[in-house]
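Once you scroll down, you'll see the structures, which are given as structure tokens.
Both complexes shown next keep subunit A, but they swap its partner, so subunit B is in the first and subunit C is in the second.
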Partner chain A sequence: MNIRRRSAFALLAAASMALVGACAPGNAGAPAGAPSAGASSAAPAAAPYKPAVITLGTAEDSKGPAIAPEGVVKGGTVTMIDRDDYAHLDPAQVYVNTDANMGLLLNRGLTGYKRIAKGEYKLVGDLATDAGTPSDGGKTWTFTLKDGVKWQDGAPITSADVKWTIERMFAPFVTFGPSYIQQWLTEEDYKKAYKGPYDGKELDNIETPDDKTIVFKFKTPHADANYAFAMAGYSIVPKAKDTKEKYDQGPVSSGPYIIKSHVVDKSYELVRNPNWDPNTDPIRGAYPDVWKLEFGQEALQITDRLVADSGPDQTAFTFYAAVPPERLQQVLDDPNLADRRMISPSPYGNYYYFNLDRVKDQKVRQAVNFAWPSKQIQQTLGGPNAAALPTTILNENTTVGYEPYDLFEKTTKPEGDIEKAKQLLAESGNPNPTIVYAYNQTPVQEQVTVVIKNALEKAGIKVVAKPLDRKTYYDSISQTKNEFDLYWGGWGADWPSGSTVMPIIFGPVSDGGQNMSHLNTPELSAKMKEISENPDIDAANKAWMALDKEVQEKYTPLVVAENRIATTLHGSKVGGAEIDPQQWVVSPNTIFVKK
Partner chain B sequence: MTTPTSTAPAVDATSVTETQEAVGRSPGQLMWLRFRRDRTGVISAIIVIFFFLVAILAPVIAAVYGKNPYTLYGQDIPGLLNDYGYPVAPNGGISSEYWFGLEPSLGRDVFTQLVYGIRTSLGIAVVATIIMTVLGIVIGIVAGYAGGKTDYFVGRVIDLTLSFPQTLFIIAFMPVVDSILVASNEEPPVWLRAVSLTIMLTAFGWAGLARLLRGQVLSLRTREFVEAAKVTGASPARIVFKELLPNLWTPILIQSTLLLPAMVTAEAGLSFLGVGMGELVPDWGRMFLRATQVYRNDITYLIFPGVALLVFVVAFNLLGDSIRDAFDPKIKR
Partner chain C sequence: MLRFLIRRTLAAAVILMIISAVTFLLFYAIPADPARLACGKVCPPETLAQARHNLGIDKPLMVQFVSWVVAIFVGRDYEGLGHCPAPCLGYSFVNRQPVFDTIIDRLPATLALTVGAAVIFLLFGVATGVIAALRQGKALDKIASVSSLIGASVQIYFVGTLLMYFFVYQLHVFAQPKYIPITEDPVGWFSGLLLPWIVLAIIFTANYTRMTRSTMVETLSEDYVRTARAKGMSGASVVLRFALRGTLTPIVTIFGVDLGTLIGGAIITETTFGLQGLGRLSLNAVNNSDLPLLMAVVLVAAAAIVVMNVVVDALYAVIDPRVRLS
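After this line comes the complex of A and B, so read on.
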């Protein structure tokens, strides 16, 4: 037997051993699509998720200190691991949820969300004594600052700082932050109306009668302005220490911590701010003495580290790195991880938009909705533990007064009703329409596209699947003259109200804009304007929910897409870790280190 | 020692024992004889032929087996996949219905995927290898035979092609091809991907063979029989086809049998990197890619494309070796 033959035999042996070793066990769990699979019994952690309840707090609620989580321990060092460093530290430039979360450790705003219990939050005054007092039908808002609130250098926080904070957001260098308050104070194109305070000009509809009182006078009524002020972008910046563009490198802290060191894209070390008084702060617990933030690891590595839970990783957690699909079954099936996982569906609205300029027949749009393979897409994404199947345009997590409805029988037939779709198509006069479905060319989306194509073709709809380059996906679909019929897009509410969703996704149609279905009727616009300016916030929230249903009934501009569910782990010595249902990141406010 | 006369008795003695019914054998027959004696070579050849047969007969096999590689069985029939999208039955869902189990998530049949996957891989590899071989022969002989400036120029082109970072180039170039050639509201057709993959693989694969043949031709063209042919006034075409080519068949055959498995792996590799065939076309490389993502929960799905690819490439490489041995028994390791 010569060498070559021997090696051939060795290979053969290795291959057959691999085959013998391949007796893999079956994957336990309820078979998907089984009649009883509505409430999944597959995962132990699949208890029905309850959306967060957010209510308006009183002046009493706005008093510090924050409500401590059970078994809280003060002191110690906690480590946070994530993939990316924060793009912005200047509050005026903060819009992204991770940046906003970091801001909770360093900055304070007029209002904020106080955690009452798990899944229960109240909008309270943060620096202000309460969540603001509206007058003049919601056009004028008055806030009073608390006593004893200070900057990190011990200087008191005054109404002049608040006025300065809003005014500087008009400056040309501020390009990323929110724009609601600025628009309400001036006009739609607010940067044209006012150029910022740096050349000495002031905005006269922000009044500061004394050091503690601040009055905003908007052009139109805005009953939800106190929610807008809770955005991280409206956190306060000191007038005396403002360094304009350079402020982005490190803010003057008004929150519980100050930055001790920062290596860009690598790490942060945060230590206590001696001038922060917990008795003035109803929101931040600030239990650990030191925060260490580490960046540069992918979600997969972070998950593996937290699963292993060895040594220093026991006091580690992650703000944002959710368990990737390939580890999901492992993480969810491991009973040892039960008390270390956090699960929360995304607060964003995700939609498959129809291009109304091209798919003009509503019957076709309804047929696609009925035939939509929601259940199969969910399975492709990793099952009910990886994706929820909402039926409404507004997200249950970020809508005060959420009311579910189900127009297309998705709760009873999540796998799609092909017969009903066929019937609708027959009524439409074109039983075999062609739909150009544009998708983002990622491996997961390629698979989802196969599922969608398979389902719609059963109903007699020809699907042309058009892959788009990942980098230019959003640019391509947000062109108003695009040549696609159906594409995915998402939008997140800025505070829990339909007023930050509906007027944007059904707002002005422009290239690069957010109205991707191109639904824009004068009737709908008028209705949205009316609700936005309703001084009664409860009535407005009710009206948004009603409009949500009305839009789907009357126009059907979209298919409501699956909603991703994040599963996140934390180390065994980290306590109080909870995913903030609005920001979809682990909140730093309740974190503590167990002894 | 080397003079024929001095060893004449010895030759006689051996010829008596060995060639009792002395038959004249052509080099081809000799090669075939030697090849048949090489057991590894024969087994490899059988495996390779088997793979080709499976590829050709894929629709027949699928029809007999009663499944196709496109239907999402796992999603259409409840009870096959669990909530996470993994097969419920052990060993990746292997059963009498689904011989090799089910694909996770989409729930397509692995057996037919594998059988049709051979078609994709082999089809592209065979076409690319044929074109490459033809290109290599033509360019190699032209460069070697013409010499001078032509040789210099062709040599530099070969250098450039060999040193080009081809995988990177293909990854970057594929999406560009799609966006240029396909209208913005049309699906990129399957044949376009296949053709552009073939062209890409060919464009970077011909240079090795060409360089090898150029060297061979360079040494052959100064040999006496070529000189003699030139002196007798033979045309260049005659010299190339009748004098040079017959001496080049051995390296050509060996090189192309080694190129083919390399192309199969290259195609699978490109699919693995996401620039191969689309999700709708069964493909070994993409099966492999998906399998590496889900191996923790469904190792079986990794084994079928893995073992199939391994067996095929090893068999074809061993076959290439055996052919070389048969042609050229002096190189015995």
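After this line comes the complex of A and C, so read on.
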């Protein structure tokens, strides 16, 4: 998922964690079976952080109800305060993490992530009885719907609804949601291959032998398809109640709540869906009776309200408003806030991309990496409490099979190794190259740019800083013929696998595309295709991690950027609040109101 | 008087037409594409073309403008999204609703904020200005001058944030600022807006104090005021019946402009206090590149200023009969 446009402003303002990742759901967690946190490649933040662990659940795990957090109380009204309303309610149009998080209250999909304990999750069947059964080497996936799953009007959820949901995602009006499943079903430009079900045409490779069974027949193997189905964009829409474009204004609930009222950009009130059965749902606790969502508050106001913790704000929390820099130290230092603080590093990949069409000498790219002032940038962003220093392309939180490595000695020399950089530049034959660095013109990035300029110039690299307007920043750097050598960009995994990162950021080179380094060799493409089609998911995950290191060793297309750490608060009468390490927002699934 | 008002109203209508044309040209002629915003990230050319068609922006600019104006009076259909009833100022693809509905939803918060603050800063500003003028050179005058200078120098986001931090979150003197319709909860309405009113008043009072003081000092030295005093009128009568009336003309002028500007959107105030009014709406529209909404907000803001100018003109005529003759 793309951490672009909507997100970039907040990212660079460092005020909101959610908008940092205009990020798809399901970009899950981390090293299943990976080395311990102690082996993490990120320079340690103030509090040790243990990456999430995700494993595949069984049919037994897929049974409801959800595992209740300690001390849970049912009932009451909880208030959620944030800055912005949700862009989309139609699941087919949902891709960003904030929208996906809201979707958990209203919508259900075939699969989803069940919280087992803090930082421990399992992929389980949500509407399905389990996380799906692959066959034909991963080309065919079969799901069976649970008994007793219903829409808000009491009608049963059927396999026809599931088929309709996927087919409608081909319709021309669906343009914001994920596209993995559609692409896999057609293996060509899916928008041209099929126009959706509204003219009566169906996809014959989605089969519904009975009301409970749904079979997907992909053209090529996709061993992680069950992870893709966990994306909020693939939540189910009722065939009988589909209103096409208008569905975005009022979805039919299959989840624990229904929308009682919604004033755009101001508020929601959600009340219980009487036809949701907790015994069918292993994911959502749905403990409060009523949810009140308020919008229009800035991160500073939200933080001050939650710190004050007075009156109705005691039962309030925020999905994504991180404590802003001006309050961060106060919040971290206040012992009274210790049990109301939540801290989590970003699950996204952040990179300073080299433009390989311009910076052609790998020695220069390596020299920049060695000279990179990671520690100084970290300090500029607020210190170890505000940013960690990863060393790998894939994020440890969103990569099953994560293996740390540190090619450029960031762990031991986070301030940069100027001598090593000079040595590499001397070997390159150009000891004083010029790097045109484009940056998003925000106050924070202005400061970061000065830090980068100073460090690289110590190594003998002349830095020409080019400020870009934040509205057009991504449009400028994603032009293939841009006139910059180095620029920041981000990408987040859509589920915990390199398969949703590497083939994107090193995929096709096009204007407006995601391959911002322009690294695109036949050898690399063939290798990524081979891994993507590997029916053994564990082997594939291992191969992605190995490719991560190989890309940096062989091509060095980027400098791995700092990773923001979000701190957020909740009111004293809110229980079960924790940041979902995959979505980087506070999950609604475990929230309850204390008596 | 009636003829005067008709003349001013017609002039205002012409100005509004010109503003709407200029605004339309500015927003739709610039190289931005509202269709791309509506179209999303997976937007093949044919879908983009359809979005342009649905928005009507595939037509010549003049046709678009005429359609837009006609829609204000008779409404308009948006393919796949339904009918936008009159007065239709456009459809927001970000909010997924006609922009007029959004504006109507936000207007009460802005009006309540503006009118409440205006009452405070007008009364307080004029009163302190009069007192300063009457105590010219004395301690009260100096205090009023220094206070107004400080008030004029500080910024809403500074004073607002500071007062909120201490008086709302630490001392709990004021309620959390919020807008509750007066019909729902009059006490909540008042307590939720009290701090924003006070902060706006701190900023705006300064102008009125200084303007009232200087004009009042000037008026008090006029012959007709001296004559009134010479005839034995009491000090209070002279000030209230003669001097103050003469002072009001410039005050009414700046009050009209301030009120119009604030109704158009107190962006910083609404953002600082988290109030969902027109100011906050316009900020969101800018951030989301929501051109139909932004254009409508700009028009409403312009209309507020034009209407307030008509009101000011009418008040001039009431205050000073010579205006009616000119």
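In this text, the second predicted complex is superposed on the first by the 549 of 595 C-alpha atoms of A that agree within 3 Å, B and C clash if a C-alpha of one lies under 4 Å from a C-alpha of the other, contacts with A are read in each partner's own complex, and residues count from 1 in each chain.
One rule holds in what follows: contacts are C-beta pairs under 8 Å (C-beta built on N, C-alpha and C of every residue); 3 or more make two chains touch, one makes a residue touch a chain.
All values reported here derive from a predicted model rather than from experimental measurement.
In the overlay built on the shared chain, the residue A:176 is in contact with subunit C alone; subunit B does not reach it. When the two complexes are overlaid on their common chain A, residue A:297 makes contact with subunit C while staying clear of subunit B. Legend: residue contacts after superposition of the two complexes on their common chain; A:191 is shown touching subunit C, with no touch to subunit B.
In the overlay built on the shared chain, the residue A:246 is in contact with subunit C alone; subunit B does not reach it. Of the two partner chains placed by superposition, only subunit B is touched by A:484; subunit C is not. In the superposition on chain A, no contact is made by A:117 with either subunit B or subunit C.
Partner contacting the larger number of subunit A residues, of subunit B and subunit C: B. In the superposed model, A:450 lies in contact with subunit B only, and not with subunit C. Once the two complexes are laid over each other on the shared chain, residue contacts for A:307 go to subunit C alone; subunit B is not touched.
In the superposed pair of complexes, A:464 makes contact with subunit B only, with no contact to subunit C. When the two complexes are laid over each other on chain A, subunit A has residues 2 in contact with both subunit B and subunit C. Note for the complex: subunit C touches subunit A at residues 39-44, 46-47, 50, 80-82, 94-97, 102, 105, 161, 164-165, 168-170, 172, 176, 271, 273-276, 280-281, 284, 287, 289. Those residues of subunit B lying in contact with subunit A across their complex are 39-40, 72, 75, 77-93, 105-106, 175, 178-179, 184-188, 274, 278-280, 289-290, 293-294, 296-300, 303, 306-307, 310-311, 314, 318, 321, 333.
Of all the residues in subunit A, the ones that touch subunit C in their complex are 2, 9, 84-85, 87, 93, 95, 172-177, 179, 189, 191-192, 244-246, 248-249, 263-266, 295-298, 300-301, 304-305, 307-308, 310-311, 313, 471.
Note for the complex: subunit A touches subunit B at residues 2-5, 8, 11, 15, 18-19, 22-35, 37, 40, 42-43, 325-330, 373, 376, 379-380, 382-386, 436, 443, 446-447, 449-451, 454, 464-467, 469, 482-484.
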